[in-house]
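Notes for the one structure printed next.
Order of writing sets the labels: A, B, C, D, E and F. Residues in every chain begin at 1.
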Amino acid sequence: MTDLIKIFVAAFLINNIILMRFIALCSYIGMTSDVGQSVGMGLAVTFVTVMASAVTWPIYYWILKPNGLEFLEILVFIVVIAALVQLVEFYLKKSVPTLYHAMGIYLPLITTNCAILAVTFDQITFNYNFVQSIVFSIAVSLGYLLAMLLLAGVRQRLKNSPIPSFMMDTPILFLTTSIIAVAFMGFAGLIK
Amino acid sequence: MENKTMKLVLSGAPHFVTGYDIQKTMGMVIIALLPALAGGVYFFGLRALLVTAVSIVSAVAAEFLFRKALRRETHVTDLSAVVTGMLLALILPVSSPLWMAAIGSAFAIIVAKELFGGLGGNFANPALVGRAVLLMSWPAFMTRWSPSLHAAVVDATTTATPLGILKLGGTITDVMKSVGASGKPALYLQMFLGNHSGSIGETSALLLLLGAAFLVVTRVIDLRTPVAMIAATFVASWLFGQDPTFSVLAGGILLGAFFMATDYVTTPVTPIGKWAFGIGAGLMTVLIRQLGNFPEGVTYGILLMNVLVPYLDKIIPRKFGFVKPRKVNA
Amino acid sequence: MKRWQMIKLGLILAVYTIVGCVGLAFVYNSTSKTIAQRQEADLQAGLHEVFPTATGFTPTDKVKSPNSTIVFDAAYTADGPSGSLGIAVKAHGPSYGGPTTLIVGVSTDGTITGVKVLENKDTPGLGANAANPKYYVDKATKTTFPGQFAGKKVSDAFIVKQDVTAITSATITSRSITNLVQAVAKAASDALGTAGSAPVPSSPSSSAVLPSADTVRPSSRAATSSVPGVSILETLVGTKAGTIVGASGKATAKSYDGDVTVLVGVSTDGTITGVQILECTDSLGSPILAPEFAQQFVGKKAGTPLEIGTNIDAVSGATLSSRGATALVKATADALVTALAGGGL
Amino acid sequence: MSLKTFRGGIHPPEHKESTRDLPIERVPTPKSVVIHLTQAIGAQNQPLVKVGDRVVKGQMIGDVQACPAATVHASITGIVRKIEPAPQSNLKDGMAVFIEADGTDETAYMAPLDAFACSREEAIKRLRDAGIVGMGGASFPTDVKLAPPADKPIDTIIANGAECEPYLTIDYRTMMESPADVVEGLAIAAHIVGATRAIVAIESNKADALPVIEQQFAGHSHGIRMGTIIAATKYPEGGEKMLMKAITGREVPSKGLPFDIGVICQNVGTLKAIKEAFIDGKPLIERGFTVSGGACKTPKNLYAPIGTVIADLIPDVIQMSDDVRKVIFGGPMMGVTVPSLQTPIAKGTSGVLFFTAAESKQYEERLCIRCGRCANACPAQLMPMLMNAALDANDVNRADAIGLVDCFECGACSYVCPARIPLTQRFKLGKDLLRNQRAKEARHGK
Amino acid sequence: MKIILETAIIAAVLGLLIGVALGFFREKFAVPSDPLVDKIRAILPGANCGACGFAGCDAYAIAVAHQTTTPDRCTTGGKKAGDQIAALLGLTSSAVDQIAVLVCQGSKDKAPLKADYEGIQSCRAAKITTGGTKLCQWSCIGLGDCTRICPFDALHMGDDGLPHVDTVKCTGCGKCVDACPQNVLTRVSRAKKGAMPLCSNRNPVKSKVIATCKIGCIKCEICVKSCPEGAIHMERGLPVVDEHLCTSCGICVAKCPTKVFKLIEKDIVTS
Amino acid sequence: MKRLFGVFVNGLIIENPLFIIMIGLCSSMAVTTTVANGIGMGVALTFVLVMSELIISLFRNLIPESIRMPIFLIVIAAFTTIMDLEMQAYFPVLSKSMGVFIPLVVVNCIVMGRVEAFSSKQPVADSVVDGLGMGIGYTWVLIALAVVRELLGNGTLLGFQIMPASFSPMIFFILPPGGFLVFSLWMAASNNLRRKLLAGKKPEPTQDSCCTLPENGSAEKA
């Protein structure tokens, strides 16, 4: 149990996927202009990440590794994830339209979201077992959601700041992220 | 008509303003920080004053030059840069190289404040950002503590702050030894007076409380946040099995609670938000002290809460005459 | 028609996949050898660095990892011109920013011959200096951080800031690497059979904690502790000239992140006559094995509060383990006193 | 013992000492007056006279077209010279009747009416015919205010003598000089709405008016239970909702009206006008106001016919210093500036203030530093800085959610703001934008 | 060789499976879509990067098609994609060929201020707190609310204190018309021809108009009388031109004593 | 020729993937702690980009619309894996220090975006040049970031000590927050420069990028 908590805290805060590892920045910048949007995106990412993690783990350990085909990892993972996302999107659009409008519309963005692929690679690199992988994927994607929410909040305040013109738009967002990351450095070493 | 001779002015109501402005607010804060600075000079020598002066000059110069370069109106007379420079100096070790203090406050002013549009536009406390960046950049300088000039005992351990001693695996007993106290009451007294190693302005609880009392009496600060932060620190450290009184007196809790968690721009304006901010900052501080890498967590505790302020500001208090909307029966 | 369309799509995709994958397989075939060679070369270089005089290395499976957080990747016996020189182990264990991989060499006499840090993901410029060949903890002798372990005895204390110099501003990294080195070295020397005399008393004598007794026999009924988590492994009764003078018990409990095992002796009047800390598997807990720590308990009354910071001093660097051990000692002593009073021994 | 009050509020300098002890003077009848046809909140009135008509003091010259509105009357006797738009103290040029005095002092008042004997409808009609409006500044037609819906019983009526605006002392003087009129008017108003309790509320700095008022209770209360209460001296104590909260402890619900909590509040000047309308049959053709301010050499309290142009009073009645920069109709906190002295006194004009350049200095606006002083000062318990931030970000809906429409523009937040942000003005702007947006949505909704 | 065989088998299975599944799902769960959305979607690059602030290219295409956003927000596709989408929408949108026109000529020198205004520098704020800044209460206040709201940078305050419409940049979106508290901005079709009176002063008293503005309509009705086509009549104090009758003869422009009239094709819609 | 040059410059500056289009940001900050890493990553991405664009462009008429996405991904993933394996074999140190960011090239928006937006509609030569332009455009930005970070954060460039010995490196710059800061400031500088250029001579640069437009339109119709 403690190892799961450690994995969770480490992936959620200490090695926050956006603030400390620079992964999934495109959607982080693009999707934080509105809090509701960030929540939708964050939840969609959580859903797909967990799903991807649950699917790729058996593929790696039951198909690729026994046959010595680890080098196919990248290709197989990305294709499987892309297909899965598309299937889920088709399914939601037709069968659960309400959910689709809350979350599903973010799905196409997710295929090329680095966070998901990074999680599937990391769980292999870190030698996590299946349960650990799932916990890890939840933690990473919630960390993503957290970072999105923090930026979305600060962005609302920035609307009132007379930011110098050359810092407008993206530069100020990265500067904000930098300062949020400074604050997150405080979590360093929380888990040893 | 008579307009030509008289030149009347049209403006919106009210046609009256108080004489109290930003400059006066900042002036009050500076006055309130003076006892702590004086304490720093007393405990650590004149170099404390030098570090503070360099930090202030650098902060003011950075603000002035930056705004000039941007062709914006310079507002150095509002004294906010002085406050930032002063606060930053007060949370540096006295042995900090002068160039480091200068870089720190210039960085704080430009990156954390002016690039966001100046006073009022920033979302994180510039002084704390400055300190966090310095701590990241030159950890060796930032953790080189000098013993108090008036310490009863001077041995190797006094170069660590009381919290530092705990972080390195020491016990309260070791802390007592380091300040030359024979028992807990004596330890508390030493901590309260500030006769131990630490940042320039953070050691003396007495002088900080003096300044804080001034700000409270003059209604510059609201007591909610500091009280919440100190109480949260007290309770959380007690839950972690630490000596709660010691935890509150040690490190930057008081300085942070009264002077940084009350920074207008970067803390919530709503009453509940203020409570939440204080509690959150206190909890984060203790968490970092207990589990994190750093002996002291006030900087990060407050910075983390700074980031949450937009959400805390959403908890709006009850308006005058507010009635709960009645549920319409379906 | 529609069904055919679907299958056609599948086939097209399959063709692309096959072409892509098979292409990859060819590339893999050609590069995998190079990768393997390179890794082997790196390993050999590392091994030679820790055993410069060795003529060759033979894999061995004698070395076992002491706990689950440290993974032993491979172990080799270093072959010298005249028989085995020692054992080199490649292992990785947790550090501050991620796993640290290193090679530790231990000679047959229980001396560390060398340590090489292969990979460290800690803070660049600070913790990562552990792997930097140009970062010296001692500038005068140009000793790198891992370099300082060479020549150290396995039985040494391995306490950062005492017998190990820390990397500036990276105490955590220094500590975790030191612990890793110690654990690996100990496992290696155990495998070599030299079992360097670690400060653990190898065969705890129950009589040592009951100095007044002349004979010590197992109790007919075991003492039990009411404190959750404390399990008393064995209960002994000490007699002098046939009368019971006290009891001793061996107990174990969870401590900070490992287990701690103690041996406690209590006289019939409830005074603690002796304490030995037998084992502590906490990651930073080994310092409490020092007899000075255990000695503090002697003479204290069971039933009175025993507390770190008040009447028991913690061992510097191992506050949490000290606290765990103290609680265990107290629980055991209390249990023994209860058992003695109940007369059930 | 703490005085009755409400949460929030400010303590601006009072500046009342220069006029508080000066009796109200009646100005000589002006040669001409400019009477705007619409002087109350509500619908536009239509003129009852033509150019060239002779009108008599007290004659109704503008009648109500739609409710709510208040009738207007000629305040002097003379000839109607023209009817055309003229500058008005409520910003917009409105249609006005220009009357030139013919020197006679003929009057055409109504017959007295016994408020306690007549029916309620008659009483309300009398109020309407007399053109009485709230004289505290808001100019809300009194006949509407005293006729609340039948399902909202009124138990308390408050005579508002708080007069919290700096400089103004006209209400105080009215209480000191015509206490009987005020009490009589209060009794009439209480009788009309059926209130069983009537309270005269005064700020603590005017406590010496209390005994004067209380002496009159015996003779003029008409059996209504009357009392007095001293409230703390604080701005905006005289705000209707604030005073009710302070006196009765009841809060007018957000977006609600005072009669929702069974209370009605009337300015003491209005009460005097009510008394005159019933006992003397005199419509509201004259009002008292304070003349003061740093650029006014002759601070005083005056009675002047409605429609008297300020410029006509200079220099015989009022003298100004040369550096006058700002002329305010009303108090300094909520009054409006006027562009020229050609502005006539209206029914809602409680004061005319002349400010020097130094007094009307505009400070540079800075960024909000979120000090929270505005929130502490806001009597409506709003978060002005958050509303300002929302408006700054062009998010009118967010500002509305925080409470934009609950702001009643008392100006306390602007007064305390150390960053000199014109918060009150911004909220007025925000409300206007909000109205615009709502109207647009309604259009698109259809 | 074994590894290559294995790879091929796995690849074949994977490819076939996914291909069939995709085809199947697409068929089974097909949702009819808007052809306009599809067209816009086809122009967009499909990187689904989210930089536009929408959840992917599809979401953005829908928003553009429903005209809830502007077509220039795709950073990946750049100006190119924006132009194409705009062109696509231009065929169906009628708002594009309009242009904003200021119906007031009360520049600084012609329409005097009634007093100095201090406070929030916004027309709407000035209007609600002080009833505007100029003696003419119908005039352009001149504090530039329209210039600030213009998303196309097509309005600029001139030295004369009036906003000037950049006829090239103006798209006729109408934001400025909504923003103007005085309602002195209106939209006319770029193709429109004829005379247009540029005054909003409805004060019926000639002397008052003269006192407040040198270029205001003084209600002399010379235009009504002089128009050979009878195309001009007065409506609530202002002349109105019937565009169907107006022949752009220019007589009213020449005759108007205060120069209120302008010809749209000559003086207003210029490029 | 001139046209191809236009396509090249387009990626290099006018539509620079990082500063202007702002895609593929992740790796740009993660790997720029040292210049060597930056160059390595840039070369790796350029390789994948050019090869993928080449292949997709070659086969662009043989790709069914409905499974376009999986096929693109397969092609990109294949080249990413090849690049990954080669790096492991010949540049093991570099490969290790870049870690997960090498496989993540597969989801780098630059590759996906260019393949979708450009090479799936354009002839082979243009695609290759576009890949080169974009790749080099990406690389120079990485180097620019890395120079600042390595110099200030470590006092070295490409591993060589540059700053005087008395200089204490400001470690902040090689930590994550420093990465964000340096990127932010570089971007601000580029924005500022671009705005000045645009202000100086009307909207000429964008006009330039439009010179590739006509054919693009015709290609789409086809």
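Just so we're on the same page, a residue touches a chain if its C-beta (ideal position, glycine included) is under 8 Å from a C-beta of that chain, and two chains touch if they have at least 3 such contacts.
Remember, it's a predicted structure, so these values are computed and weren't measured experimentally.
With steps allowed only between chains in touch, the distance from chain A over to chain F comes to 1.
The most distant chain from chain C is D, comparing centres defined as mean Cα coordinates.
Ranked by the number of C-beta pairs in contact, the top chain pair here is B-D. The geometric centre of chain A is 61 Å away from that of chain D, both derived from CA atoms. Centroids of chain A and chain E (each the mean of its C-alpha atoms) stand 41 Å apart.
Inter-chain centre distance (chain C to chain F, centres taken as mean C-alpha positions): 46 Å.
Looking at chain A, residues 26, 29, 71-72, 75, 79, 83, 86, 111-112, 156-157, 160-162, 167, 172, 175, 178-179, 182, 185, 188-189 sit in touch with two or more other chains.
Shared interface positions of chain E, defined as residues touching 2 or more other chains, are 3, 7, 10-11, 14, 18-19, 22-23, 26, 47, 49, 51, 114-115, 118-120, 125, 129-130.
Each of residues 9, 12-13, 16-17, 20-21, 24-25, 28, 32, 96, 126, 172 in chain C touches at least two other chains. Remark: the chains found to touch one another pair up as A-B, A-C, A-D, A-E, A-F, B-C, B-D, B-E, B-F, C-E, C-F, D-E, E-F. Here chain F touches chain A in the complex through residues 22-27, 29-30, 69-70, 73-74, 76-78, 80-81, 84-85, 100, 103-104, 106-109, 112, 175-181, 183-185, 187-189, 191-192, 195, going by the rule given at the top.
If you check the complex, the residues on chain A that touch chain F are 19-26, 29, 71-75, 78-79, 82-83, 86, 111-114, 117-118, 121-122, 125, 165-175, 177-179, 181-182, 185. Note for the complex: chain A touches chain D at residues 156-157, 159-162. Against chain F, the residues of chain B that register as touching in their complex are 103, 111, 133, 136-139, 141.
Per the touch definition, chain B reaches chain C in the complex via residues 139-140, 143, 166, 168-174, 241, 243, 293.
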